[in-house]
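Each of the next two complexes has chain A plus one other chain: chain B in the first, chain C in the second.
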Partner chain A sequence: MTWEALAGQTLSGISVGMVLFLIAAGLSIIFGTLKVLNLAHGSLYMTGSFLCYGLTSLLSQIPGAYWWALLFAPILVAVLGGIIEIFLLRRIYDQEMLYQYILTFALILILGDACKFLFGVGYQTVAAPWPVNGKVFLWGLSFPVYNLFLIGCGLAVFLGLIVLMRYTALGRNVRAVTYNREMANALGINVPKVYTGVFMLGSYLAGLAGTLMPPMSVVALGSDMAVIIECFIIVVIGGLGSLPGAFLGAIILGLLNAFGIYIIPKLAVAFAFMLMIVVLIIRPWGLLGKPE
Partner chain B sequence: MTKNFATKVFSIGFWLIVSAIFLLTLPLFLQASWVSLINEMLIMALAGTALNLMLGYGGMVSFGPAGLYAVGAYTTAILLTRYGLPFPLAVLAAPLAAAAVGLIVGWFCVRRSAVYFALLTLAFAQIIWTVIFEWYDFTGGDNGIVSIPIPELLYSITHVYYFSLAVVTVCLFLLWKIVHSPFGTTLQAIRENPMRAEFIAVHVRRYQLAVFVLSSFFLGVAGSLFCVFAGSVFPDYAHWVKSTDMLVVCLLGGIYHFAGPIVGSGVYILISKIISKNTTYWMFFLGIIVVILVLYMRNGLVGFAAEKLAQMKNRSEVKKNKDVP
Partner chain C sequence: MRLLEVQGINTYYGLSHILFDLSLEVYEGETVCLLGRNGVGKTTTLRSIMGLTPPRSGTIKLYGKEVRGKQPFEIARLGVGLVPEDRIIFPDLTVRENLEIAVKKGQKRKQDGGWTIEKIHRLFPVLEARDKQWGGTLSGGEQQMLTIARTLMGNPRLLLLDEPSEGLAPMVTRVIEEQILALKKEGLTILLSEQNSNFALNVSDRAYILEKGQIGWQGPIHELREKPEIMMTYLGV
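Entry: the complex of A and B
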């Protein structure tokens, strides 16, 4: 492996990891607060990427169509998430976990076929938009600018989320609800509103990831399931409910995928699963999670 | 009281006899396509009941039953095609192989509960799928294994049907026995409250592992039967979609009743055939059905029917009491 290939793989591994981080962070925040493992989170991501494709082709006459899509597609996904939380999830919080799984599983089927109906079965592509297309040369090696842009976005969202959670009144309310739902309710925090808000935030992150990914890969059906399984691995490695954990897990998984393909192409997928199993056995609460 | 009990037994026995007569004679008057549809229902009923042993009785939500089902199917397929083993041996080996894999997978999975258990089962099922998908030399990869040498006796759909019927009946009887044994009762105690079960000296993990292996065993039987029925195997058998099918079958029928997955299987396969004939978007409608089930009919069809029956019985008893001055 040459230096150039090594650097290239590292960069693309980390940038894919950043996109996965956005989805896993949403999944993790939702699980932390609502105690719901949203199996349909990958479907929200896929919906976001199809919306990105739809909006960019709809607005193709307008300059900077992609940036408009980047603005609106995640918001639409967040609204969709809000609808899901208010009309479906809210009714089964007090039920057994099984029903949450099954309900969110049903959403995978519904959203998957809805995307198929609205956007067709073909593979779609979205070109990387102007200032972040092309390549940049550093230390004699060339890197796609878009990958650097993704890494920047991931870092910005990571820091933004940490600030939001730790240093704002909003984040304090969310943490209070996460810590003790009844007590927070007694202290006058509107718990259902926090739940809806957190679910919408998680959905927004999934939609954002869905919008950021297409210029680097393709928009296709089936990405929902591929992504959700990778996100499970990330949150299990990092610790369910932990933001820094999701960040670390995403980078590990991104690098593992990028280099696994080089070493044993056929078993690249299995590597990640094996890592997840090892973590679950040795440190079931994840690398950066807290034991219950 | 005794009379009520007698009528209950009579009604269950009555229904068993009616369905037995129907199932035994149906190849005489139904078209081959219907017979194969009912064959599919039988196999799915067995798979669903095997999964429900964990889900309904053990309270362990597994997302990976399809992995073990596929182990059963591929064991029979590979033993017949690659090693030319006699047919009975190849079929008998399937549940044993599935149980062996179930023992390994289960050993890891039962160490964690709730979310982690579900995720681990999903991960292992995906690993099984990946192995089947990538190991071209052994499993045929995504081409699957086709034209498996099934004995000539089982070429006709009627014969396959009777073969499946016999095996499924025996397995369901065994499962019924397991559920109604002290083992089954302990299992339900664990479902209700694992901590209390531990307090009365039940080795919770060991029981959970045992039920994992038993469930895998019967999933292996179901997989092997499907392999014999279809004459081919594909990696799709291990796919998460197949696991969803099984979960939905259990939920549709009702997970707290033994008959749940059996009824669920019949209704589910019928509905899916009807919907998929008319639209390519049948997953959408399946999703809607599941949402309605979860929101309004959590105990499934059998649970719903049992509830209504109990209400009717109550009402008639109240009436009777009123009549007496």
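Entry: the complex of A and C
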């Protein structure tokens, strides 16, 4: 393996990991607070990526179309998440867990078909926008600027979420509801509103990931299932409910995929699962999670 | 003035019927205790009032206004504060954050006689020393004080205390007792549940004795003191 390949794979692994982090962070926050394992979280990501494609083609005459898509697509996904929480999930919190799986699995099918209906079955692409297109040369090696941009976005969201959760009144209320929703409710916190807010935040992050990914990959049906499985692996490795855990897990998985496909392509997919199994055996609560 | 009026409530946990046509009332400025053996429905009564386990029938009125069926946070905002038996301090919040979380929007400030962190620290000096610590690091007695303080931060007009002396050393119980008497002197209305009858008799004006989800006896505290056979019959003490 040459230095160039090593550096290239590292960069691409970390930048894909950043996108996965955004999705896994949303999945993890929603699970922590609402105790809902949102199987359709990958579908929110895919919806975001189709909205990114749709908005950039709709606005293709306007300069900077992609940036408008980056602004609006995640917001639309957050609104969709709000609708899902208020009209569907809210009815089943008191029911058995099984209902959650049935409902969120139904949403996978509904959102998947909605994307198919609206955007067709073909592969779509979105070009990396100016000024984050092209390549930069560092230490005699070339790197796609877009990958560096993704890493910047991931780091910014990671730090932003930590500040939000640790230092704001909103984050304090979320931490309280996460620990004990009944007590928080009895202290005057509008728990249903916190639930909607957290689900919308998680959906926003999925939508943001869906909008950031297309310039580096393709927009296609099936990406919902691909990312949800990767996100489950990430939160298992990092620790469910831990933000730094999701960050670490996402980088590990990104690198594992990037190098796995380079070294033993046939086993690339298996590496992630093997790592997950090892973590589950040695540290069932995840690398940065807390034991129950 | 009648602050709380509970009229014929029936409360269930799933299929099991816990409270049977239970009625009680609390007047402004009073301290009333619910006595009874384990499992007679003391906690359920307080949870019913708070809206955490809403009764299936009956009425619960606060200052004459029906609150049954409202969400707990709405009832909290109407002036009811619950200090649960199991305390439930938020371990991932600092002591200060545990206090701040109970402050509601547009709440009375210091000049209007509302509770502030400073006023809390005067009543519970130990909490000032623990200000920046995580809630999960406090001792049992400190946790009990923090739970009471947290509920006070929401400026309740009616304080529901569920077994405040439960699991505390006698020394700590005495401190809590003094603090409750101090709150009473301030004019706060308190409804508390207790198994420790000495504690309850020292702080209360009136008592209800619960038996199998119903009121078995009610009356002023001095009557309970004068007639030990009542305690013998219902509580076995």
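Here, the second predicted complex is superposed on the first by the 292 of 292 C-alpha atoms of A that agree within 3 Å, B and C clash if a C-alpha of one lies under 4 Å from a C-alpha of the other, contacts with A are read in each partner's own complex, and residues count from 1 in each chain.
The working rule: a residue touches a chain if its C-beta (ideal position, glycine included) is under 8 Å from a C-beta of that chain, and two chains touch if they have at least 3 such contacts.
The model shown is predicted, which means the values in this text are computed figures rather than measured ones.
Colleague: Quick check for you: in the superposed arrangement, does A:117 touch first (chain B), second (chain C), both or neither?
Modeller: Touch partner of A:117: chain B, not chain C.
Colleague: Could you look at A:103 and tell me whether it touches chain B, chain C, both or neither (first, second, both, neither)?
Modeller: In the superposition, A:103 contacts chain B only.
Colleague: Under the stated touch criterion, which partner chain does A:86 make contact with: chain B (first), chain C (second), both, or neither?
Modeller: After superposition on chain A, A:86 lies in contact with neither partner.
Colleague: First (chain B), second (chain C), both or neither: which does A:7 touch?
Modeller: So A:7 meets neither chain B nor chain C here.
Colleague: Return first, second, both or neither, reflecting whether A:276 touches chain B, chain C, both chains, or no partner chain.
Modeller: It touches chain B, and chain C stays clear.
Colleague: Could you figure out whether chain B or chain C reaches more residues of chain A?
Modeller: B
Colleague: One more residue to check, A:183. First (chain B), second (chain C), both or neither?
Modeller: A:183 sits against chain C, while chain B stays out of touch.
Colleague: In the superposed arrangement, what residues of chain A touch both chain B and chain C?
Modeller: Common interface on chain A, chain B vs chain C: nothing in common.
Colleague: Applying the document's contact rule, which stretches of chain A touch chain B when the two form their complex?
Modeller: Those residues of chain A that touch chain B are 31, 37, 88, 91-92, 95, 97-99, 101-103, 105-110, 112-114, 116-117, 225, 229, 232-233, 236, 240, 266-267, 269-270, 273, 276-277, 280-281, 284.
Colleague: Using the touch definition from the top, list the residues of chain B that touch chain A in their complex.
Modeller: 55, 61, 63, 108, 111-112, 114-116, 118-120, 122-124, 126-127, 130-131, 134, 240, 244, 247-248, 251, 255, 281-284, 286-288, 290-291, 293-295, 298
Colleague: Could you pull out which chain A residues touch chain C in their complex?
Modeller: Within the complex, chain A touches chain C at residues 169, 172-173, 175-176, 178-180, 182-192.
Colleague: Within the complex, which stretch of chain C touches chain A?
Modeller: Touching chain A from chain C are residues 50-52, 71-73, 76-77, 81-82, 84, 88, 90-93, 97, 100-102, 104, 150-151, 154.
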